[in-house]
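Take a look at the structure set out below.
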Amino acid sequence: MEGFRNQTVRWAIGVIAALALPILNPNPYHLDVLTNALLYALLALGLNLIVGLAGLLHLGYAAFFAIGAYTYGLLNLHWHWPFWIGMIPAAIVAGLSGVCLGVPALRVRGDYLAIVTLGFGEIVRIAFTNLEQWTGGPNGLLGIAHPKIWIPGRGLIDFGVASMPYYYLVCITTAAVAVVCVRLSRSRIGRAWVAIREDELAASCMGVPVLQLKLLAQGCGGAIAGLAGAIFASKQGTVTPDSFDFILSVMVLAMVVLGGLGSIRGAILGALLLGSLPELLRWFEQYRMLLFGLTMIVMMRLRPQGLFGRSSQGLAPDRAHAGSA
Amino acid sequence: MTPLQLFCQQLANGLTLGAIYALIALGYTMIYGVIQLINFAHGELFMVGAYVALTLVLLSSAGPLPSGIPWWMTLLVCGLGSMAAAGMLGAAIERFAYRPIRHAPRLNALITAIGMSFFLQNALMLLYGATDRHFPNPIPLTRWEVGGVTVTLMQLVVWAASGLLMVGLQLLVMSTKLGMAMRATAQDLKACALLGIPVDRIIATTFVIGSAFAAMGGMLFGLHYGTINFHDGYLMGLKAFTAAVLGGIGNIPGAMVGGLVLGLLEGLGAGYLSSQWKNVFAFLILVVLLLFKPRGLLGERVADRA
Amino acid sequence: MPALLEVERLTRRFGGVVALDDVTLSVEQGETVGLIGPNGAGKTTLFNCVTGVLRPDDGEVRFGRGPMESLTGLAPHDIAQCGITRTFQNVRLFSGMSVLENVLVGTYIRTHAGLISSMLPSAEARREERWAQDRAMGLLELVGLAGRSHEMAGALPFGLQRRLEIARALSSDPALLLLDEPAAGLNAAEKQALLQLIEQLKGQGLTTFLIEHDMRVVMPISDRVVVLDYGKKIAEGPPKLVQENPRVIEAYLGTSTTVNREP
C-alpha cells in the first residue's frame, strides 16, 4: 500500500498547489488561461471514461458540453434557475442524451462508431444553430446569470466577470470529479469497462453485461460534459453554437490520448498541457492550429501510449480478430 | 417552370454535385479498403487540389503563355497539374505519417489522420488566406435548353471529367496487374506481403490515385462554385465519406453510386425542403445508414473490423 | 448423479456447412467430460452455443443445479450469471490489465456495488472489494500466479496465460467450467501441471467439460468422453471404450482427407 499512499500525497500536493496559486499569482489573464485549461481537464476526465476506459471512440463529445450549456442557459433565462441548481439538470440532461445516443449508436463499433458520434455532434450543433425560436440561432443565448455565492457578513456576491471565483469553482469541481473517476476506475464497474475495451467477447463470457456498461459509460461521460457546459455557460454569460464544433471534440480526444488512454492523471495533465498550449503559442497566433496538428502527428509517432498509458494496446487490438472460432 | 422541369433541373444540379462527391468518395473507399483507415486528411487533399488548380489557372491567364490556347487545354493542364501535386502529397503523407504507425492501434492512426487534417487545413489557410478566393472559370458560359431544363457546358465538363476518371479507375482495378494487386491487398494485407506483393508500393499507389481523384474533385468544385475557402474541405470530406459509406466502404463502384445518390438527395432536398438544414441531411443519412445498414447500399464487405 | 447441463438436438449451420448436427449430450454434476473429435468437428461451435456466443439454429441447451432452465436466447453474460464460464482456444485475456485485475473482472457477477457506491465511499462496497481481492488472490495461488499478480497479463509467457485464463473463469465460482483446448501450445511439463490442476478442481467438486486434442491429457482425467465428427455425435462413453470404438478410430485416422473444416 506504500505506492498508494505516495500517490495520495502527490494528489494532495497537486490540489494544494492549485488552490494556493491565485494567492501567489493573482494575474487575471493567467488565471483565465488556467481556468480554461481546467475546464478542458473536466471534459477530458469525462471523455476518458468513454474512450479511455470503455474503449468507445467518440468524436462528438462537444455535443454533450453544448447540451449542458444550453440546458443551464435556458433554465436560467426562462425560469431564473440559479447556477447551483441549474447545473444539476444540465448534467442529467447531457447524461441522458449520452445514454439515448448510445442505444442506437452502440450497434456499430470501432471507426463506424467514431463517425456516428461525429455525425451526432454535427447534428446537435447545426440544430442549435437552426432552432432560432428556442436557442437564439447563431447569436446564441445572451445574458445568462453568473453564479452567486452567499458569504457571511458580505451578503450575496455575484461572480461577475472576475477570474478568481471561476478558477476556484472549476478547480474544485475538477478535483472532485477526478476523485470520483479514480474511485470509479478502481471499482468493479471501472474494471468491467476496461475489460470491454480489451476484449468484448471475453468480457461478456465472464458475465459483464456489455451493452449496459457501455451505456453507463456514455451516460457518466455525458453528465460530466454537461456539468462542464453549465459552468462554461455561467462563466461566459453567453453560449453560441460555434463554441461546440468538431475541433473541440478532437482537442479533448487528443488530450485524453496524450495523457494515455484510461489514465486519470494523464487526462488532467494532457488537458493542462494542450489546453494551455494555444496560449503558450500565442506569439505564433496564426500557426497555432498548424502546430497543434503537427503535435498530434508527432505524439502518435513518438509516444503512442501517451504520457501515462500503461499498455500500448489501445483500442481494438489486431489480436481480437486474428484468431478463428 | 413546370414541376417536372423543376425536378429535372434539380436532378441535373444534384448529378453535378454527386459526381464531385463520387470523385472524393473513391479515395476514401480505396484507402479504407487497403489499410482500414478513415483518412480524415482526404478532405484537405481535395482542398489542396482546388488551390493548386486555382494557382495554375491564375498563372495561365497571367503568365507568359500565348493567349490563343483553347479553354479545354488550359483546364486539362491545370487538372493534371493539381492531380499530380495532390498525388505526390498523398504519397508523402502515407510515407511519413501513416506508414510508421501502420501496426499501431487503430485509434493512433485515426488521431494521426485528424492531426494531418488540421495541419493541412491550416497550412492552406496560411498560404492562401482565410477569406474566400475567387476561382476564375476559363470555361465559356455556353448553356443549352433541353425541354426547359438548363444544362451548362460547365456541368458537361464535370460529368465528362468524372466519368472518364471513374471508367479509367474501373479498368485499372479490374483488368491490370496493379489493380489485381490492389484488390488482393484489400482482401488480406498480410497474406499479400507473404506472397511477395510489394504491399508498401501498392498502398502508396492507392494514396496517389485517391488523392489525385480528390484533387480533380477539388478543381471541379472550384469551377462549379466560383469561390473556394480553406474550410470547405472539412464538410466536403465528411459528405464524401458519407457517400463512401452509402455505397459500402471499400467498394469502388459503391462509392461512385453513393456519391451520385448523395448529390441527388441533397439537390432534391435543398430544392424542395429547406436549404438551411441541407447539411443535416448528409449527417442524418450517414448516421441512419450506419445504424441500420452498416454495409452500405451495395456493400457486402463486413464493415466492422474492430 | 443428476444432470447439470443438457444439450438436446442442437443444430448450427454456417451457410451450407452444418457445424453441429442434431447433437444431444449431457454433463452430470461433479463429472469431468472430455469432448474430442478431428479438426472442424464442431467442438468449439458447441461451446459457443452453450455460452451464448452463437445462437443455435435448432435445439435447446438446459442447465441448472436442481430445476433445469433453458439457456436458449440468453446473452453470454446471463449465461455466466447462471454459472457457466469458459476459456478460449486462442487465449483471450485482457492483456492491458494486470494479472490480478483479470481475475477480478470475473467477480463482477458476484459483487453488486452500483454506480453511486462505486463513486463515493461506502463500507459495503469496500467489504465487497476486499472479498473480491481475497478470492482473486486465492485463485492466483491455486494456479501458481500469486507472485506475479501485478504483471501485465499480456506479458506473461503463454503457458501461464492459459492458467490465468482458468483462474479468471473460476473467479465467479461457476457450477460448470468449459475449457477449450487448455493444453494446446503447452510443453510436457506444463501439460502435467495442467492435469494436476484439473484433478485438483475435480477434487473440489467442480464439473468440467473440456475440449482437448491431446489424448494423453483427455483420457486420464475424463470420466466420460464424447466424440464429434462432422458435427455429429459418433460415440460416447468411458475413455477406454471410446478409444477402441472403430468409428472413432476411423474418424481420427480417417478415410476422409485432413482438410481443416473449422468454420
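To keep things simple, chains are lettered A, B and C as they appear, and every chain counts its residues starting from 1.
Throughout what follows, a residue touches a chain if its C-beta (ideal position, glycine included) is under 8 Å from a C-beta of that chain, and two chains touch if they have at least 3 such contacts.
The shown structure was predicted, so the numbers you read here are calculated from the model rather than taken from an experiment.
Participant: Which chain is most remote from subunit C in terms of Cα centres?
Facilitator: In terms of C-alpha centroids, the chain at the greatest distance from subunit C is B.
Participant: Name the chain with the Cα centroid closest to the overall protein Cα centroid.
Facilitator: A
Participant: Between subunit A and subunit C, what distance separates the C-alpha centroids? Give it in angstrom.
Facilitator: Inter-chain centre distance comes to 40 Å.
Participant: Roughly how many whole angstrom separate the Cα centroids of subunit B and subunit C?
Facilitator: 50
Participant: If you average the CA atoms of subunit A and of subunit B, how far apart do the two points sit, in angstrom?
Facilitator: From the centre of subunit A to the centre of subunit B is 33 Å.
Participant: Subunit A: which residues touch two or more other chains?
Facilitator: Those would be 313, 317.
Participant: How about subunit A: which of its residues touch subunit C in the complex?
Facilitator: Listed in rising order, the residues are 180, 183-184, 187-192, 194-195, 197-199, 201-210, 216, 220, 310-311, 313, 317, 319, 322-325.
Participant: Would you pull the subunit C residues touching subunit A in the complex into a rising list?
Facilitator: Checking each residue of subunit C against subunit A gives 44-45, 48, 51, 53, 75-77, 80-81, 85-86, 88-90, 92-97, 101, 104-109, 111, 113, 115, 118-121, 125, 128-129, 132, 152, 154, 168-169, 172, 262-263.
Participant: Which residues, counting only subunit B, touch subunit A once they are in their complex?
Facilitator: Touch list, subunit B to subunit A: 36, 38, 97, 100-101, 103-112, 114-123, 125-126, 234, 238, 241, 245, 276-277, 279-280, 283-284, 286-287, 290-291, 294, 303-306.
Participant: Across the complex, what residues on subunit A touch subunit B?
Facilitator: Listed in rising order, the residues of subunit A that touch subunit B are 51, 57, 104-105, 107-112, 114-116, 118-120, 122-123, 126-127, 130, 246-247, 250, 253-254, 257, 261, 286-287, 289-290, 292-297, 300-301, 304, 312-318, 320-321.
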